[in-house]
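Order of writing sets the labels: A, B, C, D, E and F. Residues in every chain begin at 1.
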Amino acid sequence: MTLDPFLVRPLIEAALREDLGRTGDLTSNAVIPAEATATARIIARDPGRIAGLEVAGWVFTALDASVEVAFEASDGDDVGPGAVLGGVGGSARSILGAERVALNLLGRMSGIATLTARVVDLVAPHGTTIADTRKTTPGLRVLEKYAVRMGGGSNHRFGLDDAVLIKDNHIAVAGGVAAAVASARSAVGHLVKIEVEVETLGQLGEALEARPDVVLLDNMSTEELVQAVALVDGRVVIEASGGITPENVADIAATGVDVISLGWLTHSVTALDVALDVVI
Amino acid sequence: MTLDPFLVRPLIEAALREDLGRTGDLTSNAVIPAEATATARIIARDPGRIAGLEVAGWVFTALDASVEVAFEASDGDDVGPGAVLGGVGGSARSILGAERVALNLLGRMSGIATLTARVVDLVAPHGTTIADTRKTTPGLRVLEKYAVRMGGGSNHRFGLDDAVLIKDNHIAVAGGVAAAVASARSAVGHLVKIEVEVETLGQLGEALEARPDVVLLDNMSTEELVQAVALVDGRVVIEASGGITPENVADIAATGVDVISLGWLTHSVTALDVALDVVI
Amino acid sequence: MTLDPFLVRPLIEAALREDLGRTGDLTSNAVIPAEATATARIIARDPGRIAGLEVAGWVFTALDASVEVAFEASDGDDVGPGAVLGGVGGSARSILGAERVALNLLGRMSGIATLTARVVDLVAPHGTTIADTRKTTPGLRVLEKYAVRMGGGSNHRFGLDDAVLIKDNHIAVAGGVAAAVASARSAVGHLVKIEVEVETLGQLGEALEARPDVVLLDNMSTEELVQAVALVDGRVVIEASGGITPENVADIAATGVDVISLGWLTHSVTALDVALDVVI
Amino acid sequence: MTLDPFLVRPLIEAALREDLGRTGDLTSNAVIPAEATATARIIARDPGRIAGLEVAGWVFTALDASVEVAFEASDGDDVGPGAVLGGVGGSARSILGAERVALNLLGRMSGIATLTARVVDLVAPHGTTIADTRKTTPGLRVLEKYAVRMGGGSNHRFGLDDAVLIKDNHIAVAGGVAAAVASARSAVGHLVKIEVEVETLGQLGEALEARPDVVLLDNMSTEELVQAVALVDGRVVIEASGGITPENVADIAATGVDVISLGWLTHSVTALDVALDVVI
Amino acid sequence: MTLDPFLVRPLIEAALREDLGRTGDLTSNAVIPAEATATARIIARDPGRIAGLEVAGWVFTALDASVEVAFEASDGDDVGPGAVLGGVGGSARSILGAERVALNLLGRMSGIATLTARVVDLVAPHGTTIADTRKTTPGLRVLEKYAVRMGGGSNHRFGLDDAVLIKDNHIAVAGGVAAAVASARSAVGHLVKIEVEVETLGQLGEALEARPDVVLLDNMSTEELVQAVALVDGRVVIEASGGITPENVADIAATGVDVISLGWLTHSVTALDVALDVVI
Amino acid sequence: MTLDPFLVRPLIEAALREDLGRTGDLTSNAVIPAEATATARIIARDPGRIAGLEVAGWVFTALDASVEVAFEASDGDDVGPGAVLGGVGGSARSILGAERVALNLLGRMSGIATLTARVVDLVAPHGTTIADTRKTTPGLRVLEKYAVRMGGGSNHRFGLDDAVLIKDNHIAVAGGVAAAVASARSAVGHLVKIEVEVETLGQLGEALEARPDVVLLDNMSTEELVQAVALVDGRVVIEASGGITPENVADIAATGVDVISLGWLTHSVTALDVALDVVI
């Protein structure tokens, strides 16, 4: 996916308003003359995979269109500690006023990309797709899923409305997998995919008869997954989820599943340490 | 601080719209009858300090005012694994439609509270205040700072506009600490506090002459902090920040500083694992 | 699909504000006492397929939560001229203030449903799916696509972001169908479908090799469509579009295509004549 | 009336967000390089009266301010099939991303202008004003009423708040036309016009005594209208409405009424077929 | 005019958010238990004409729907010092949180009504209409014009879009009054009034030939006004404006003009002193 | 404080939309050609202290970014009658369309600054700070508090959330000043000031023991204030409020209080008479 500034701008403006409050940066407005200029370098203090650099740039220009931004790295790059990611120049007040929001976004997104890249590396020998989930930070889903992409991962649903995912409760209410899939099939258009979650091989067999586009194997052991892969035999996309950690993800990938989806790519992130070195 | 539903509601509605997209929960709308009801229990799968339970309840009622919510725990409680935090009942579609947003908020907030509580425990013998920073997730600052409170921590500035924090760049532009504090003093009203960041004992001495309300000692060693505490001698509030980890936080606290502020309380959080057990 | 009042409410409120302007219903506020009550019947003056009845009810309650609404028909019903669709009761000012917005929505949506139902009937012998397009009225897409569903039709994409549709320009830039599909495949997740538009049988052959989920046959003659259906042989979903009218839609359906998508279901609609008979 | 970009921009942005969804144009973002440029011509495939060309241009620049737009026709022009209305140039992704919204607006507005122009022609010998009503598409009233103007028509009220229109229910509650008009007169300022709707010549006589600014003759036969015109004798503006079709509109105009208002100018429109020929 | 809670609510919510900021009432939330209740009386400390009482009530219920409000006076009432206008009861935190916004609106609106009533009294012997202008507080126009009504005054235009007011610049550009009125006449519908501003009797004569609905006599002396009234002879509504003060308004009224419009009714107001006596 | 255009822009846009309504300036759009240009001078007709000049400029450019604005005075300047404050040039329609909103803001803000400056002069011999309150016009608090600053005054709280102000009700509920201050202290962070309101010297003594940052002496006589100042003896900031008028403010200042806060600086303002001389 690609971030469109038209779509991201409202989120950035809201973040700036959250930080600036009613009256903006009391300190800089009091101490720094309106006409003072500054330049600054965006630095990665820790090594990692970068995501959100362009977003960080939009933060500065959203606050003040006259601020100039230049990048020395790109989203998706791996950088070492101390790497200069880019620079900003313009009104000192504007640069200081946007600094924290820009860094908060860049640090969080790069943290997600870095974590994702680490997991993608772990499963690389198996060619498995690493995907995110809907366990994202409320309000930031698009940015976080973009960061997963920059880490080499792939995106699961963006919301409840862009694909069908049938779980145990749905199956229970519908009276079986077949009925649930049939209901979904008749309710959605021909451009919507249908995924069914199963927990046992028995359920998987039943699910396959309903011909979903994807099956989600929840919390299965590697042994079960191997059997599931054999049972599916390439007919549908296989996604594994639940109970997967950095420690066992390579083993899960080795079972031959197509996709592994991981909530912790986005819900439990260590921000990458990024900073702005300002020279006024 | 206390969360006011009037103020939190827009954030919750935006989070629901992010997840529901254009058409809402395709799956449940297709499979579950409009009139079906459900009950569900909110469960903490891991032990931790709870924050955001009331917020989670507001998510359900924001989507559908007829959903009923009852709590069996409160924000600020420490719970064990498997603890039942509360229950919801009402339209099955509404409960499933709000589930993920409610859990994403509750999990993240409880993760922050749990981490904060752990740090507060570490410094408890010294009575030091643990405070957050502005390194919060864009859009969620109020919720995250509330979670820090529920963890026993305290809140630093909510934004650039509710207190003055003079840093090195400000001092350089102003031509010294005294001038910077004087500028700030004349620019803000008598209900705004002024904090000055210093990196050396020399700067601290100079800063104290300017009579700020708070001094922020950035990245000082424990030896320097001990000297700084002696130098200040109770005249202003002392805050320490920078380079502080769970490993050294008790040592920092032992120096006698009043407040320790920690960005990682909010920027690098492991969500508490919370779940909704739904019975339709 | 199903309309969710949480999602539709902002649209309804905006429509009410558009009609009420700065000060609301000058006439009723001047002439009708604040405490006067009224009852009214919602009537279909022409025969047709109803859609938007619940939406019309939400209009009244959005303006004034104390207005009561009862329905005597449901979305999806076929009704004759003069049919009573429901009733509203409550503040006379509120009912008159919401009347026009409610009828404008109900009339337009029922017009779409009625037209769709007519086309669905025409292709019924062939079991073909009738689908809408993105040629909807700006701002009303969700309501119009819901109306298509109530007419027995199905929904194509809701926007540019929920499925891939590769057209000639994309193919030209990518350097061929295969490359375009491959680019798309790698850019989107495993829950997004990919459709390719082709204009000739030659292109269709090429497209099939790229294994899209759906092929869109644009502006083909019935002869070509018959050949295309044979060529595809059930491997992917076939959608036909372009140059299809009420006069030739049955012939197109008879070729065996799976889906026929029609822009005029939503861009060129005759509103169903609906009225409110008010008794104050 | 004139469209003001400051006022129309929120509507255009909302329409773009409706189409672009969470992540924008999946297809173009995947297949077309960010730096690719394109040019395109806006074409009218059918003959008609153009309205919304400038609006269409604003759609492109709202998404991406660097897109350049040039017009070869103006709103209010009659064009033949295949006429080139203008051109756009710039980022290929931006042009494709804005295409559908621009065309949906231009097609709908030109459809209204074309229909209006046809009716205006029919009554031209009588110099009658053709006016719209409040039966517009929710959310688009300003654009649709502008399109009516471009078709040579005139605008009735823009909402419930900018003129008084007293109908039968108001008269019944007030206890007669005189009382209703008097109530309205005392409630609104000296810059608000008052119109009274009547269905019989008897009511008309009574209404005239109340000295409204305009009388609305609802559903009268041509014979009644002739008598009404004689009765009014130039004292107030006469508007006819109800039961008027393209077939009888000239006869209605021939009765000498000043204004004929027609709901179907906006509620039942065939969009003009407009297209974008893109060259990347 | 009448205030519609549906239309006023966004303004009230914005005012509450302005006062409550990010976290709401720090003091009450810290000191007053969540479950504490309070009752309070709304008091007018000074004598005056009340406006905004219902609005004040909506402020309390907008913050907390469970607060109960009862009125002992009505908008438009004249009250003496110490008059009890109404009471509120419910959550103590909610009542204290909404207090200031409610009083700010009630005090300002009652100040306008009181001032207007004083002027209306001054011209009462002449039956002249006292009208407001567009010189209102940005954001509060509807409330302020309502307050003028409650003071016995009448409303001029609510904005630039609901009536035509041709001034000297317009006349200069158009090449004369006649041309300006003709341009306006052809640009607006038959429900829009046209007013022309003139400064001399010569201009008035010219203006009358253009048959506007209203003439605005700007800054004329009483002698000129007397002559103008004679010249107009009842053919159009006469409005006087400019240079009119409480001291000379009765003399202006005595000239026989129909309407006197006064900017200072809204731009220079002394708020009525209103208070909330809270008992927790 | 300083006004940040990023923060003020939404307020300006809302004010423009309030005045422009659905369709903008009917008159200018009808009479003045789209391509006509104009220049205009912003004039102060009365002498006063200017505030809001930059804001007025932002109004013009918010409506039309191509309008050019140049200032010949600055916020905070004292000007005589007839002073030229600045000029605007560009589209005639844009200048006329923005005129009223720009003047309404400039006139009101300059009225506040002028009044504040007058009071500041009165207390100048005593060096007392003149402060505003929360009795501001709903929606305009930031602009009005900025105007107070331009008048030489200082700002009290911007809302309920940026400082603690403990009043009698809070003290009663808490069971005394000490308990109330303690509750507040533990609820807010170390960067929030705490003020306590007292009405008697006895309460003051009690309050001082609780060590607040500021005491507010409400409605005390000058004799009491003198005693209070002696009692406080420099330990906390002293603010006086209640019953203070332009007549007695100098006497109050002479008592030695630090701050005098005055609601009427913002709630009862005479707008400065400002005008736009337009030449088309």
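Everything below uses one rule, namely that a residue touches a chain if its C-beta (ideal position, glycine included) is under 8 Å from a C-beta of that chain, and two chains touch if they have at least 3 such contacts.
What you see is a predicted model; the values in this text were computed from it and never measured.
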{"item": "Other chains in touch with both chain D and chain E", "value": "A, B, C, F"}
{"item": "Third chains touching both chain E and chain C", "value": "A, B, D, F"}
{"item": "Most remote chain, CA-based centroid, reference being chain A", "value": "E"}
{"item": "Same or different contact residues where chain D meets its copy chain C, judged by the half mark", "value": "same"}
{"item": "Equivalent of D-F within the choices A-C, D-E or C-E, defined by over half of its residue contact pairs recurring", "value": "C-E"}
{"item": "Whole-Å separation of chain centres (CA-atom averages), chain E against chain F", "value": "22"}
{"item": "Chain centre separation (chain C, chain F; CA means) in Å", "value": "52"}
{"item": "Shared-contact residues (touching 2 or more other chains) in chain C", "value": "1-2, 18, 20-24, 26, 29-30, 97, 141, 158-159, 161-163, 187-188, 192"}
{"item": "Arrangement of touching chains [line / ring / star / complete / other]", "value": "complete"}
{"item": "In the complex, chain F residues that touch chain B", "value": "1-2, 129, 131, 154-158, 161-163, 187-193, 195, 213-214, 237, 239, 258-259"}
{"item": "Partner chain C, residues of chain B touching it in the complex", "value": "16-17, 20, 22-24, 26, 29-30, 34, 62-64, 97"}
{"item": "Partner chain E, residues of chain A touching it in the complex", "value": "18, 21-22"}
{"item": "Contacting residues of chain D [partner chain F, same complex]", "value": "1-2, 4, 6-7, 141-142, 158-159"}
{"item": "Sites on chain B touched by chain A in the complex", "value": "11, 14-15, 18-33, 36, 38, 92, 96-97, 100-101, 103-105, 107-108, 111, 134-141, 158-167, 169-170, 172-174, 180, 183-184, 186-188, 192, 264, 267-271, 278, 280"}
